[in-house]
Amino acid sequence: MVVHPVLLIAIPLIAAFIIPLAKKYGFAIAAGAMAFNMGYAIGMFSYIYSHGKIYEMIAGFKPPVGIFLAVDALSAMLALLINLFAFINFIAIGKEWNYKFSMLYLLAIAGSTGIVLTGDIFNMFIFFEITAVASYALIAGKKDEKAIEGAIKYMVLGSIASIFILMGIALIYSQLKTLNIYDIAARISSMDEKIKWASFALLLTGIGVEAEIFPLNGWVPAAYQGASSGVASLLSFGPSKAAIYAIARIMMVIFPFHATYEIALYVGVVTLVIGELAAFMQEDVKRMLAYSSIGQMGLILIAFSLASQNIQNALIAAFFLIISHASAKSSLFLLSRSPSMGGAACKYTGIVGVLSIIGMPPLAGFWGKWYLMLAAINEKLWLVIMLVFFAGIVEAGYFARYLHKSMGNESKLNLRYKVAMVVMVSFTILLGLLPIAYKMASLPLWGW
Amino acid sequence: MNYALVTPCYIAVAALLSIGLYGVVSKRNLMKIFISLSIMETGVNLLLITIGYVPEGTAPIENANFTKYVDPLPQALVLTAIVIGLSVTALAIAMLISYYEKKGSLEYKGGMKW
Amino acid sequence: MLDIIFAELIIAAIITFFVGKKIASIIAGFISILPLFALIDWANNFGFKTISFGIERQMNISVAGITLHLGITPLSWFFALMILPLFPLIMLYSYSFFKENDGFYPFMLFAFASTFGILLSKDMLSLFLFWEIMSWSSFLLVYRSRDKEAIISYLIFSVFSAFAILFGLMILWHENFSLLLSDIGRINGIYGFIAIASLIIGFSVKSVLMPLHAWAPFVYSKSDEPFVAFLSGGLSKLGYYGMFLFLFTLNGVKILQNYTPNVAWNYLLAVVGSLSAFVATMLAIMQDDLRKLLAYSSIGQLGYIAIGFGIGTPLAITGALFQAFNHAFFKAVLFLAAGAVAYRTGKWKISELGGLAYRMPLTFLAALFAIFALAAIPITSGFAAKWLLYEAAIQQKYVFIAPLMLIAGVGAFLYSFRILYGVFLGENRYPDVKEAPKSMIAAMFILMLPLIIFVVFPGYMLDLMKPALSNSGIESIAHTKFAIETSLAKYNSMAVLITLIAAMVPAFIIYKARKHRITSFEDNYLAGEPYEFHNPSMHAAHNFYKPLKGVVLPYFEPGATYYFEKIYKGIGILSNGIRRIYTGFVQDYAIYVVIFLLAVMGWLIWM
Amino acid sequence: MDVMGIAIKVALLTAYAVIGTCVGLLFMGIGRKIIARVHNRVGPPFYQNFIDVAKLLSKKTNISHGWIFDLALLFSISGILLTLLFLPIGGVQLLSMEGDAFLVLYLLAIPALGFALGAGASGNPNAGVGVMRALVMMLSYELPFIITLIALMIYYDTTSLATIVRMQSINGVKSWAITMPPFMLAAFAADMALQGMLMEQPFDIPVAPHEIASGPMVEFGGKYLGSLMLYKAIALVAETTLFVDLFLGGGVVAHGNFAFVINFIVWLALIFLLFILSILIAASFPRFRIEQAFGFYWKYEAIIAAISLIWVYILVIK
């Protein structure tokens, strides 16, 4: 079988363009496209799981000039994750909206998938913009005051971010005359020292806005709070995960220097601590979950930044943390629509989600923390470990408060919502139990 | 390399970025903020063009008479970037309209804090 | 076989989600008997002749692609002996305790499976894995209480404990590059010291040692009684199991001593334990809520075990293990009895209860016996344990610890009597209350059996713990069936018992020589006048130890419980401060972005 | 041990139980007489308490409040006899080799707890208040007493009373613990604790005649009250003997074949002196309130005891 990862981007894009032409069938077209994407992503993942990485040249142009996609195990997994959750989430929420929503949703998904799969730095920028523009509109789609305010905040910061990304790309291009990340990586040493660092700083800042790292995440609480729960769920498993992966990719492929890892580590730790602390006293559930997401993104960034020495453990940790956070947080966001956790489905979704984020076995979050610790202890980063522990305890504090506060018998969720929630959250259980941890450890996660 | 033409361009880039940034940070009116963002964007586009500039180069059209032409890729990039910038601006305007409908003003007073 | 037992426990846990209350409790009860067969079988390995069921001693189970090394050791066998029998009896008790099946049984079975797993685990990963499963399953049982403080404090402390344990294990792993527990012991220096210290801190959360006990009063006083019986009786022992494992079996004491040869770190543990025993006892005296009283009493009684581990001589460790065994049973009985009382009356405040002894005589008997054991009355096994600990403290000339221990022992009389008087004796306020249901009574009486056996034969208990001690290189102390002998003195339970019975003879003669008639006290005290019982402040048990109030509460209470609230509030203030970063103005956020960019750029270019 | 040995042992124990009871009752009578003389009254005859007990035990009207109430009678007498028999009396070891000072300390709690159970079962609020006071008093005086006990134990490196007595009797009076400066302090603290144990003034608030309708024993009458008096008499002997064993060498001054007669007389004299001392203190001091007593014991007495403990500890570790 020959796999064409480009279809994962092309199909939703085409579908998104068709939808305005066939407004009545918007939901069906989008659902069909996403179902295809999901199936294709599964196929691609299983292919890579057994065969290893894939390169795809678009339109036959050869790199470094041509645009191309590079898919390794981790990015295939992320593409799978995004498309799978996107489908589930869409089935749950899609029918409540009109065709525009389906279109924007498809664009956001296509963009996120593109960020993950692309091997070209300018393409990454374009996919970022597609994702971001779609997200602005999706957030504002709720059309109340808060939604629009959140969207505007995101928009202002997102625009600044895109300017910075573009500047970073321009700086790299001015020196190396190439946009292919492997080509850049190969010749990075020939770059002027100052421009090299400046371009890294610009890229980190630009992508960091999307990846919710501190202090670039001013939009996060407002956007999550303003967005409807389905969109908040999308934001938590889609764009943010793609962006953190993009940071990791740029850091690990183009700039694999001690200083960059160090910066990522510090930024991650600060993000983690600030995010968790800010969530601690938050009364609004969605805003609390947003702050908690910030903290989790910090944790994932820490995991990636440990990859300089302990690549295996660190990447497995990142893998599990991403899975755990995506599945738990998006189901919690869906749950946040109901004022309290009435009924078994809601109750146990909430509990499992919280436990996975806290890191209890046999859920995915446990393996994440376990491997993260393995990697961190190896480098004897005592302060980092202490801060991660402290953040974990703070996290336990507000999640316990959340669990207590949302205890109740009321449940306004319909069946589709509940099913979507349960399916999403069951991934954290499944991936904790299945022997993926072991298998992942033996895979060339990062094969170039 | 002849910097006579390029250096003013870089100065212009810096000026546009600074003006835009100043606008974003200091203005309260959302419309002005988005205008400032557009200015910044223009600055970055200018930067890209400048990078691709080759002194005394011509347009990158294949012609046997010219061997020296400017780098075509940045121009393609800038085209894309302009399109994206336009779409963002369009969306922003749409959103500002609805913001105005809700609040009756474009003055941004802060909200959804802490 | 072992994997089948685990599988059955988990399958039963899943089944009990969906079935009715009665069936669930029957399934849970029978399934939780299974591991006891394994215990009986394994006894053959430790010098006891019992029936063999062919259950293996070692087993490797693969979960999530990672191998868990399981196996029985003498130490875990002894701890299993005191923890695992609680489960079937708690299930028996819960048969009539719960009105409906709302999530008690599944998580209890998960807790059981994980407890079994912790005891069997032979590598760090499985130890930590099962420890965490135990944490969440018990958290979900606490969650049923719907009490804010209980839920928050339990989760926070569980996570704290898990992190401390994880940290310690990780250091041990890093020093040895092996997850097997048996490979530990080759480390020295500061890392070994930190590892052992953080493991002890982690385990002492679950064993409610004093500075880390703050969750216990909330959790013990708000959760379901059958669960609390397990929490106090069983779970707290797991913390001590971990401590014993790392301190003695894996030579943690030596690691500590090698790092700083002149400082007796284990002395610190003993001091903490004695302060825990003393302060918690003092606070227990002042509680009016029956469950809170028992909670503080648990903290106090468990402090003795820490003292024993801290002193660290064979005498002290024997005493500590003995105390652990006793505590598992008598505290379970007491919590179950408290549950039975609440089941019938619906009241928890001691000052609102009273006079139940004649209405619920069997419950009273069970509670009375447990209280005798708790207060270490010499004819009970509780005394033998405490006696060993006192002897150990005197032997080592620990002049700071010994008085605190002893006065805590006296304090135990005070709160014991508060339970007896306030709940069971005194004015008869509930003339219509019936005896607790049969299953509850049966559970309590079966739980009392081990206590009764070791009353007369404390030597048997020492025999039981002998394999565990000798496996850790600790010699067991000289004893016969009835008598225990130390370098300081001797304690002969048989002499006490026989003399007591003999001394009963004159008392009995006096008792039988003249007849008596039974009257209600109203005849004497009120001369038949009607009497208003329902005003709690009229009850003598209301504000019972009032004279001590001004003495105890101002000094002990702040340090004991408020510190946690202070930290919680402090983090809250910090959080409120940090949240101010998110000012709500997008312009500010833009400034942050620029500052971040400049900072990163500056850092990278100039560093 | 052969049958004869057991028979002798049983006979000896029985004899000491009877002697203890008689001595206690006698002392109580003498105490009443002395207090009366201090108060400038005539007072009852010294054998008055024998008559009282005999009368109470033979009363025909006995009011009980159920089987838990009866436990008071059974436990109080048997428990205090048990305690007495685990003490070395006048150099005779009795059962004291089978237990030690901790055992005695806890055995003393059996009658108290039984008694408290009975008082509680009576349902009378006054009884409850009385028991509460008794228990708080116990908590108060135990602290200094325990500290002095530990001082002795670490000095002699034993917890067995029999051994403590033996070590103190090596050189007769000169080797008594009380002759050593640290133990003088300790003995003072322990004597104050003894005052509380005996429930004499100024620490008699648990019983508190004229205050709470006779305290814990308010519902006790007939055989119940009689047994209580017996308990009190034996407890008097047991508690003073404990003090004598700890500080005064158990009264052992002589060694040899018939030394036990001399030792017995010395023991008797010593516990009598202790009792008189406590009676005199009782006669001349007013009553403490319960929190005052608590403060007295936990502040002043405990500090005195702690000083002696630290002193002894320094002596020992040298």
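A, B, C and D label the chains in the order they appear, each numbered from 1.
As a convention for this text, a contact is a pair of C-beta atoms (placed from the backbone, for glycine too) under 8 Å apart; a residue touches a chain by one contact, two chains touch by 3 or more.
Treat the numbers as computed from the prediction; the structure is a model and nothing was measured.
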| item | value |
| --- | --- |
| Farthest chain (mean CA position) relative to chain C | B |
| Which of C-D and A-C has more C-beta pairs touching across its chains | C-D |
| Centre distance in Å when chain B and chain D are each reduced to the mean of their C-alpha atoms | 98 |
| Rounded Å distance between chain C and chain D, as computed from the means of their C-alpha atoms | 36 |
| Distance between chain centroids, defined by C-alpha means - chain A, chain C (Å) | 43 |
| Separation of mean Cα positions, chain D and chain A [Å, integer] | 77 |
| Set of chain B residues in contact with two or more other chains | 24, 33, 108, 111-112, 114 |
| Chain C residues counted as touching two or more neighbouring chains | 576, 579, 582, 584, 586, 590 |
| Residue list for chain A, restricted to those that touch at least two other chains | 152-153, 156, 160, 221-222, 282 |
| In contact (per the touch rule at the top): chain pairs | A-B, A-C, B-C, C-D |
| Parts of chain C lying in touch with chain B, wherever the complex brings them together | 576, 579-580, 582-587, 590-591, 594 |
| Of chain C, residues touching chain A in the complex | 62-66, 125, 128-129, 132-133, 135-136, 140, 143, 146, 148, 151-152, 154-156, 158-160, 162-164, 166-167, 170-171, 173-174, 568, 571-572, 574-576, 578-579, 581-582, 584, 586, 588-590, 592-593, 595-597, 600-601, 603-605, 607 |
| Contact footprint of chain C on chain B as seen in their complex | 21, 24-28, 33, 108, 110-114 |
| Residues on chain B engaged by chain A in the complex (per definition of touch) | 17, 24, 30, 33-34, 37, 40-41, 43-44, 47-48, 51, 71, 73-74, 77, 80-81, 84, 87-88, 91-92, 95-96, 98-99, 102-103, 108, 111-112, 114 |
| Chain A residues within the chain B interface of the complex | 122, 126, 129, 133, 136-137, 140, 143-146, 148-153, 155-156, 158-160, 162-163, 166-167, 169-170, 173-174, 177, 179, 221-222, 225-226, 282 |
